[in-house]
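See the structures that follow.
Next, two complexes with chain A in common: one pairs it with chain B, the other with chain C.
Here is the complex of A and B:
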């Protein structure tokens, strides 16, 4: 239990860093780190298929989209970054406060959802799931990813040219 | 056979990207026009029973879990019409050949995604196709890379990401209960499960997420910005069919075929529907920008669809589907009108227009027809669907909601007539003296869509017998 809490805390901090960091490269690294933590949690929760998917898609393929974006764009100047960070902090100062308050409310109310259910009987072999049971979804996810890459190319290639 | 609805747009996408790009920039759109036309024909043939829909080799290979019924047929037909109109006007609204080529690719991806949403019979596959369409839509909104378009796309991304998390969490919970994600198994499992709290929780998240995707009040924050800031051709696609397929059709399909109508679901749907009708109509009344007015009008009209669905009766579902079709047609027409006006006058601000019916008579007449149909004036198509909605509400004992629906129609008439008055009637402003009617490329789709509005209104008895009654009986 303590291990899970530590991993979840690290995951949340990494996620926060991913969103708040000023560099898109650090953001990509942060996202990959979040994915690794998530993969480990899924593996500990006996969901190896979900863990493999998380690792392959988020850490692997999404990084490709990030790298394409980094290649095709220019970083902001130092002055612009500072200005941007100041504005962001002044606009969203209340977000961490809300998070803490919600956490406190849940702890004080001692909410017990009692959602324990027997795990569904599902195929455990990743090969069977991907190629025999859900090839249609796999094709769909490939289309989704290609659409993302295509979007990056359309939106950022001309910026780079300019 | 059904898998062709998904495979063919994808194949076209591959073909236009594999053949020489310079050639495809010239004839790609023309080639792609065949797709929506063929889809319309195939839908009509299936509807008439001329064409067989037995599973083919592709269905077996990909293990496609697809099915079709009258609701799907109406949606496939609506998707094909709006895609056809978008491709017809594309050449006139996007002058740059490179941009046009990119736009065509994205339209084909959206086409694939929407057809997938309509045909799949599995929750996870539905999620995959929802995301394909959503990702293509983000790119389409920010396509021209203008500041307000990027802001609109960003709002859409953030809210849509929330909806995505909600849908995925809900599917995970449902999978936990049912052990499967196919519609039939989930439906059975939800009926027999003892985990009432968990089911209600999953349902609440799913419905909330679809309300975001459909732009319903109070999750409508992104819609007006996205519709108004997107490019002209993109707005037609977005307002005409994309959000209706992503949010509204999915809601109709899941509630009527998977989740079922219990008292809470009906209550939530009707409340959100009524709220959207009223807030959308009042917000539309205060607008000065043509496209923003149409965006708020969309929220209000989608409210009618959800209100009707909330009746939970077969008549309510049939009326919702019929209004969804009508809305796709008249809203697409109004957005084509808006594109033509912006192109010819250089503005979308209605207070800077006036008396344009003299200069743009066809745009004026078609816009008037679409406006009156939106307001539910007889004998146009919108009148019949609104009449069915009010009847469904009245017969199911929801008298207060029926009265709200009727009174809101008066509001709709108010803002639509105000639009007509400010743009097309009155004295022509001196600076608009040199304005000319839109080109034939824009007028042609306007005439087709206006013809459908009048035709559906005139042929309503036939449509009632052949399309609406079968939905009710099923």
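Here is the complex of A and C:
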């Protein structure tokens, strides 16, 4: 369990850096690092297929989407950056304090989880769960994909017209 | 052998911290891209919770199916939201939420 706690701590530090860092590009890279750590946790917790999805889609594709979005916008001017830095510091310095306090409070709380665990599942294969037990999830995914494609098409058509 | 419930509780603490970081990012920032990054952190927290719940319950296949569905939703959401952010940027020449006053009144 020590390894899992270390990985979770690194994940949390990466998330903190993602929120606190000034540059949005570094923030996007920090988010990708959070995804990598989440992938490692998934591998450790015996969820390899979800981990592969997380690594390829969240670390790869979403980082590309974020970096492309950042590239399509112009950076701030020097005066704006100076003003922005002054404002940022006053707004963001509370976060590490809040996180440390919340983490300490929940860690020191002696919570005994008396949960009744359900019987182990019969179906052990993810493919069978997705295709046989939960086909409506797949239908929902396809509908969402089509909706997403349609939304992006409309948005970019409007941008091109302008 | 790791006690699954102990690991579940410890991971829950980190999930709560991750959610606080994401919410803080959304509430405090004025930049639209950073709002999306905060939302991504919230989704990561939910993903982590699903995985550890599946591990603690010994329902790994089902939790992985949920995580895969969540990842698909996440990608579509981010792609459309990033498109909206770019559209807003071209319209207003700024990503600052304080300057998005076109619909005011």
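Everything below uses one rule, namely that the second predicted complex is superposed on the first by the 106 of 162 C-alpha atoms of A that agree within 3 Å, B and C clash if a C-alpha of one lies under 4 Å from a C-alpha of the other, contacts with A are read in each partner's own complex, and residues count from 1 in each chain.
Throughout what follows, a residue touches a chain if its C-beta (ideal position, glycine included) is under 8 Å from a C-beta of that chain, and two chains touch if they have at least 3 such contacts.
All values derive from a computational prediction rather than experimental measurement.
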Check your understanding: Looking at chain A, which partner touches more of its residues: chain C or chain B?
Key -> C
Review point. Does chain B (first) or chain C (second) touch A:155, or do both, or does neither?
Key: both
**Study point:** Contacts of A:13 with chain B and chain C, given as first, second, both or neither
**Key:** neither
Practice item. In the overlay, answer first, second, both or neither for which of chain B and chain C A:69 touches. Key: second
Exercise for review: Scan A:137 for contacts with chain B and chain C and give back first, second, both or neither.
Suggested key: both
Review point. What is the contact status of A:147 with respect to chain B (first) and chain C (second): first, second, both, or neither?
Key: both
Practice item. Quick one: classify A:29 as touching chain B (first), chain C (second), both or neither. Key: neither
Study note, to complete from the structure: Interface residues of chain A shared by chain B and chain C, listed 113, 115, 117, 120-121, 133-134, 137, 140-141, 144, 147-148, 151, 155, 158-159
Point to revise | Footprint of chain C on chain A - complex, ascending | key: 1, 4-5, 8-9, 11-12, 15-16, 18-19, 24, 27-28, 31, 34-35, 38, 41-42, 45-47, 49-50, 53-54, 57-58, 61-62, 65-66, 68-70, 72-73, 91-92, 94-95, 98-99, 102-103, 106-107, 111, 113, 115, 117-118, 120-121, 123-126, 128-130, 133-134, 137, 140-141, 144-145, 147-148, 151-152, 155-156, 158-159, 162
Study note, to complete from the structure: So, in the complex, the side of chain B touching chain A is made of residues 10, 61-65, 102, 105-106, 109, 112-113, 116, 124-125, 128-129, 131-132, 135-136, 138-139, 142-143, 145, 175-180, 195, 197-198
Check your understanding: What does chain A use to touch chain B in their complex?
Key -> 113, 115, 117, 119-122, 132-137, 139-141, 143-144, 147-148, 150-151, 154-155, 158-159
Revision key, fill the gap. Per the touch rule, the chain C residues reaching chain A in their complex are 2-3, 5-14, 16-18, 20-22, 24-25, 28-29, 31, 33-34, 36-38, 40-41, 44, 47-48, 51-52, 54-65, 67-69, 71-80, 82-87, 89-91, 95
